[in-house]
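To start, the structure itself, in structure tokens.
Residue numbering begins at 1 within each chain, and the chains themselves are lettered A, B, C, D and E in the order written.
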Amino acid sequence: MGGHLNINHLMFLGQGALWTIGLSLIALIGGGIVGFVIALARISPLKSVRLASAIYVQLIQGTPLLVILFLGYFGLAAIGLKVSPLVAAGASLTLYVAAYLGEIWRGCIQSVPKPQWEAAEGLALSRTQRMVKVILPQAIRIATPPTVGFMVQIIKNTSLASVVGFVELMRSGQIVNNSLFEPFAIYAIIAVTYFAMCYPLSLFSQRLERRMGRGRSNLAPA
Amino acid sequence: DLLDDIMKAKKIRISTDLAIPPSGMMDSTMKPTGSDVEVAQMLAKDWGLELEFIQTTGATRIPNVLTGKADIIISTLSVTAERAKVIDFTKRYATLQSDVGCLKSSTVKDWPDLKDKSIGVSRGTTQDTTLSNMKDKDLKIARYDDDATMVTAAVSGQVDCVGSSATIINQIGVKNPSRVFESRIPLATFDLAIGLKKGEQPLMDKLNAWITENVKNGKLNAIYKKFHGVDLPADMRS
Amino acid sequence: MQQNAPSSEPIVSLHNVQKSFGALRVLDGVSFAVARGEVLALIGRSGSGKSTALRCIDRFEKVDGGQIVVCGHRVDRPDVNLRALRQDVGIVFQSYNLFPHLTIEQNITLAPCAVKGMATSQAKDLARKVLAQVGLDEKLHAYPEQLSGGQQQRAAIARSLAMQPKVMLFDEVTSALDPELTGEVLKVIEQLAADGMTMVMVTHEMGFAKGIADRIVFMHRGKVHETGPASILTSPTTPELTQFVGTGNLKS
Amino acid sequence: MQQNAPSSEPIVSLHNVQKSFGALRVLDGVSFAVARGEVLALIGRSGSGKSTALRCIDRFEKVDGGQIVVCGHRVDRPDVNLRALRQDVGIVFQSYNLFPHLTIEQNITLAPCAVKGMATSQAKDLARKVLAQVGLDEKLHAYPEQLSGGQQQRAAIARSLAMQPKVMLFDEVTSALDPELTGEVLKVIEQLAADGMTMVMVTHEMGFAKGIADRIVFMHRGKVHETGPASILTSPTTPELTQFVGTGNLKS
Amino acid sequence: MSLQLDFPAVLERWPSFLAGAVLTLELAFFATVLGALLGTLAAVGRGTHNSLIAGACKVYVETIRNTPLLVQIFLVYFGLASLGLKYSAFTVAVAALTINVGAYTAEIMRAGFEAIPRGQIEAAEGLALSRFQIYWHIILLPAVEKVYPALTSQFVLLMLASSVCSQISAEELTAIANYIQSDTYRAFETYIIVAVLYVILSLVMRAGFWGLGLLLFPRRRRLGTPL
């Protein structure tokens, strides 16, 4: 132990950063797909579907990601499913992200003004046609800024995947720190790296918001 | 059984925390090193197996073997009766001397002097449990998630004392000469053992035999001394 | 097209229609009928249930009781074929409700293509035709936000016309417009009436109601209070209508 | 209060006022004056600059050039005392802008208490008085959303009155209302005029303008195009006013 | 591979779980109150014409929102100590959480301020109210009302995020869980119990916010409009 920060440490941190990006992409793609289904389920005409999806959202949003990851990783194995850490972490992050994106998107779909729904109905369009041709194109515009904003939170939250053995940015920083004992330098590097990954996205989402002329809050986990 | 599986796969998966120096850590080229790492490497080599480290944190060492994600744990696992209800332990392959360490400049000599001092420990370690059970001594314990955080707390002055292995206590001053810590009050000596799932007797027997042999031939002691600076206790070597 | 005299066969008929929102009884036994080619104006104070009656006809609201028949569809029944009904009925609201992400042409061709399976080229010809009908042919490729309020409202009417409905419903289509733009839209509706379209319109424009409607239905507190030819506006028989027309006249 | 004949001393005067939004010249040398007790109606097509002129008077917009004097305040100057100006001027907009989280009473007492330091009990008496003036005394403890549009607009007028302004400005205060509610509000304004309040009002209600205004200012493309007594509406001299009054008449 | 679950062995430590849950709630409570204040000030700051104040508030908000809470906590905890300032883990945890949630609150509040119709502010200006009076009487409460659901969720998230305070020796729920599971090695049982406790805590918080909403927005209560 001991020694000074060298190129190997930095490369190790860089590798961690790559994992952070990879995990974020998995979470976003998986969570996006499931989240879309959740959003539709939340406004389904069937009461049971609405209720089930609402309970899902409440449960996930009421539990820390750390606990979800833990239960996802070992829980799947405990019921006899052999899954790699990548699959397990991907599944947990997907479930987590889906609950939040689903809620964000439901709000966006519902914020398409009611008269638009009625106008589409009055033109004899079927439910699917109304959704695909009239509502979603408008909802996507509304949804883009908060979705981009939420991606920032996903990036930061993948740090918790370290509990299931992922050496992503945060964990790689801790490991380096454990051999160097230079917390300030290392945490500063980590902070700057996260900032460099997140800030462009934040900026992009704010610009989108401004272009759409509405100040939406991008609510998201710390 | 598990032993067969391992031999068939020609690969052993060992759960090791690489963030608890000097047992598990990274060297300056970011390769795993440390006493537990070398023990694991020696085991794999002796048995002619490929070695895979399952990266773990303190919290996930045990679930990793319980759910079959790792075959065994070599990760400064201290043997306690409570833990033995959940997993099986082999015989000890090393011991861990724990002390309460204080600033070199402080006047602490015995338990009563610890009043009003805060003691940093790694949460859930046997040091933590031991100190926490001393209810009569009225101690102020501050628990951190890992050794690195605890050491940082000691260095930055958030705690006055630490409850940890002698090795780590000595390590604190290396990075920060203005706050040199030294062992003051002996806490306990714990046996460190390899952990495995309950009911894997053949694997258990083979591990025990391997430990016995390598204690005898001094190889385990050599590893221990290389990283901890001291020999294993005499009663273990004889 | 030639001007049709209203025939006697009703194309829309409401019989004793009941509708409540919670405890509030909004329609309390409303009955009236509209013959083919007839123009009916629905008037009354704010809150008297005009919009609700209109929305019940196109089944945007389910009725609690009574009977509604529109072009042979039993609208009050739960099993009414909604898509068939809405192909026969066109509805235009006060807030034009054009789809902002589509051009005017796309707004118009959307339903004929998606619902009737019309070929795109044919739908585009149709769009040109209905836009010409409302005097907007040059705005084919504009987006809604590039049009003035009056133009948007006319485009919304064109969009409904493209479905070739048998009945058109209008809910205060001019009340979001200033006098000049109002004029544009009313001219389009007058032309439709002249072409023989069956229409039910909720309106506050008494002058317009007088000028174009074949029949007036005056609603008051969820009931049809008076009904008759346009002349009832100039010589109302009930005190309620007298008062309503009186205040309405303040405008002129 | 007794009816005052308009005196000759101007209480509001605009002289050659210029105002542009970016490249768009909205006011292009507007001049007119309002005498104490006079009622002035500002009319013109949409976009002609009426609202802008009104907003300049209460300095919601800064002018680019020209002079505005209101109750002795030089409104065009950058150092005008805004709070003093606005104690002398009351302004009421088309969208009533009552504060939704306060009761009607709280809406009214807020400014007298906060700005003039009036005691709460005294402010409450005042609230009762001005509400009675607009015929809303029983709505003291209602929230705005519990009132109809016309009632909300009257409450907004009462709120302005409670500051005892010397001039009242109205910007199309009835155009969001239906004929019946419009009637309510116009009655209140008529009463104010009868009590001798100085008023400048932007309006689309030609009938009302004719009936109540001492003088009409017709704006066209950012300029005062014609001005004169109410009679110019019935016998306009310029073609623009003729056309404007023509389209306005479509309503009646 | 079957896993034997033994809940009683873990549940017998309920006093520890309870203490952890209470500490989590306390952390959340203080950070919510202080964070709401800080965030509102920062939101007002971002809206001022003084570009220095507005810029400082922007830097604060952006820095915090784009770095992980854990790093922020470490920097506050060890940073203060290195400067010779020693505060209890609880104090530091509250401070770090406050700084963190303040940044998010600032963004939400700003959205609330922007959602107040221009006409409301003009009406208030027309009544000669001062800038401060307008903020206080006309903007603040309606803005909070508009973003109340977002605020509620943000503060519940804060409560969940407070789990990282275990890293600096604050004995909140996750810390207790880590302790118990490494003492008993019964990780599943422990984490399942903790998950349930967190869900309960988040429901408790939502109920609390609902009650507070009834107090804050008398109009909602009287007219029965849900938030």
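What we mean here is this: a contact is a pair of C-beta atoms (placed from the backbone, for glycine too) under 8 Å apart; a residue touches a chain by one contact, two chains touch by 3 or more.
If you're wondering where the values come from, they're calculated on a predicted model, not measured in any experiment.
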Chain pair whose interface holds the most contacting C-beta pairs: A-E
Inter-centroid spacing, subunit D versus subunit B (mean Cα positions, whole Å): 82
Rounded Å distance between subunit D and subunit E, as computed from the means of their C-alpha atoms: 46
Subunit B and subunit C, separation of their C-alpha mean positions in angstrom: 81
Length of the line joining the C-alpha centres of subunit C and subunit E, rounded to whole Å: 51
Junction residues of subunit B - those touching two or more other chains: 59-60, 63, 66-68, 152, 156
Of all residues in subunit C, the ones touching two or more other chains: none
Touching two or more other chains - residues of subunit E: 1, 3, 74, 78, 82, 187-188
Which pairs of chains touch, using the document's own definition: A-B, A-C, A-E, B-E, C-D, D-E
Subunit C contact footprint on subunit D (complex, rising order): 45-46, 148, 178-183, 186, 204-205, 207-208, 247-252
Subunit A-touching residues of subunit E, taken from the complex the two chains share: 1, 3, 62-63, 65-72, 74-75, 78-79, 82, 100-101, 104, 107-108, 110-112, 114-115, 147, 150, 153-154, 156-158, 160-161, 163, 174, 187-188, 191-192, 194-195, 198-199, 201-203
Sites on subunit A touched by subunit C in the complex: 115-116, 118-126, 129, 133-134, 137-138, 141
Subunit C - residues contacting subunit A, complex: 58, 60, 82-87, 89-91, 93, 95, 97-101, 110-111, 114-115, 156, 159-160, 163
Touching residues on subunit E, where the partner in the complex is subunit D: 117, 119-120, 122-130, 133, 137-138, 141-142, 145, 217, 219, 222-223
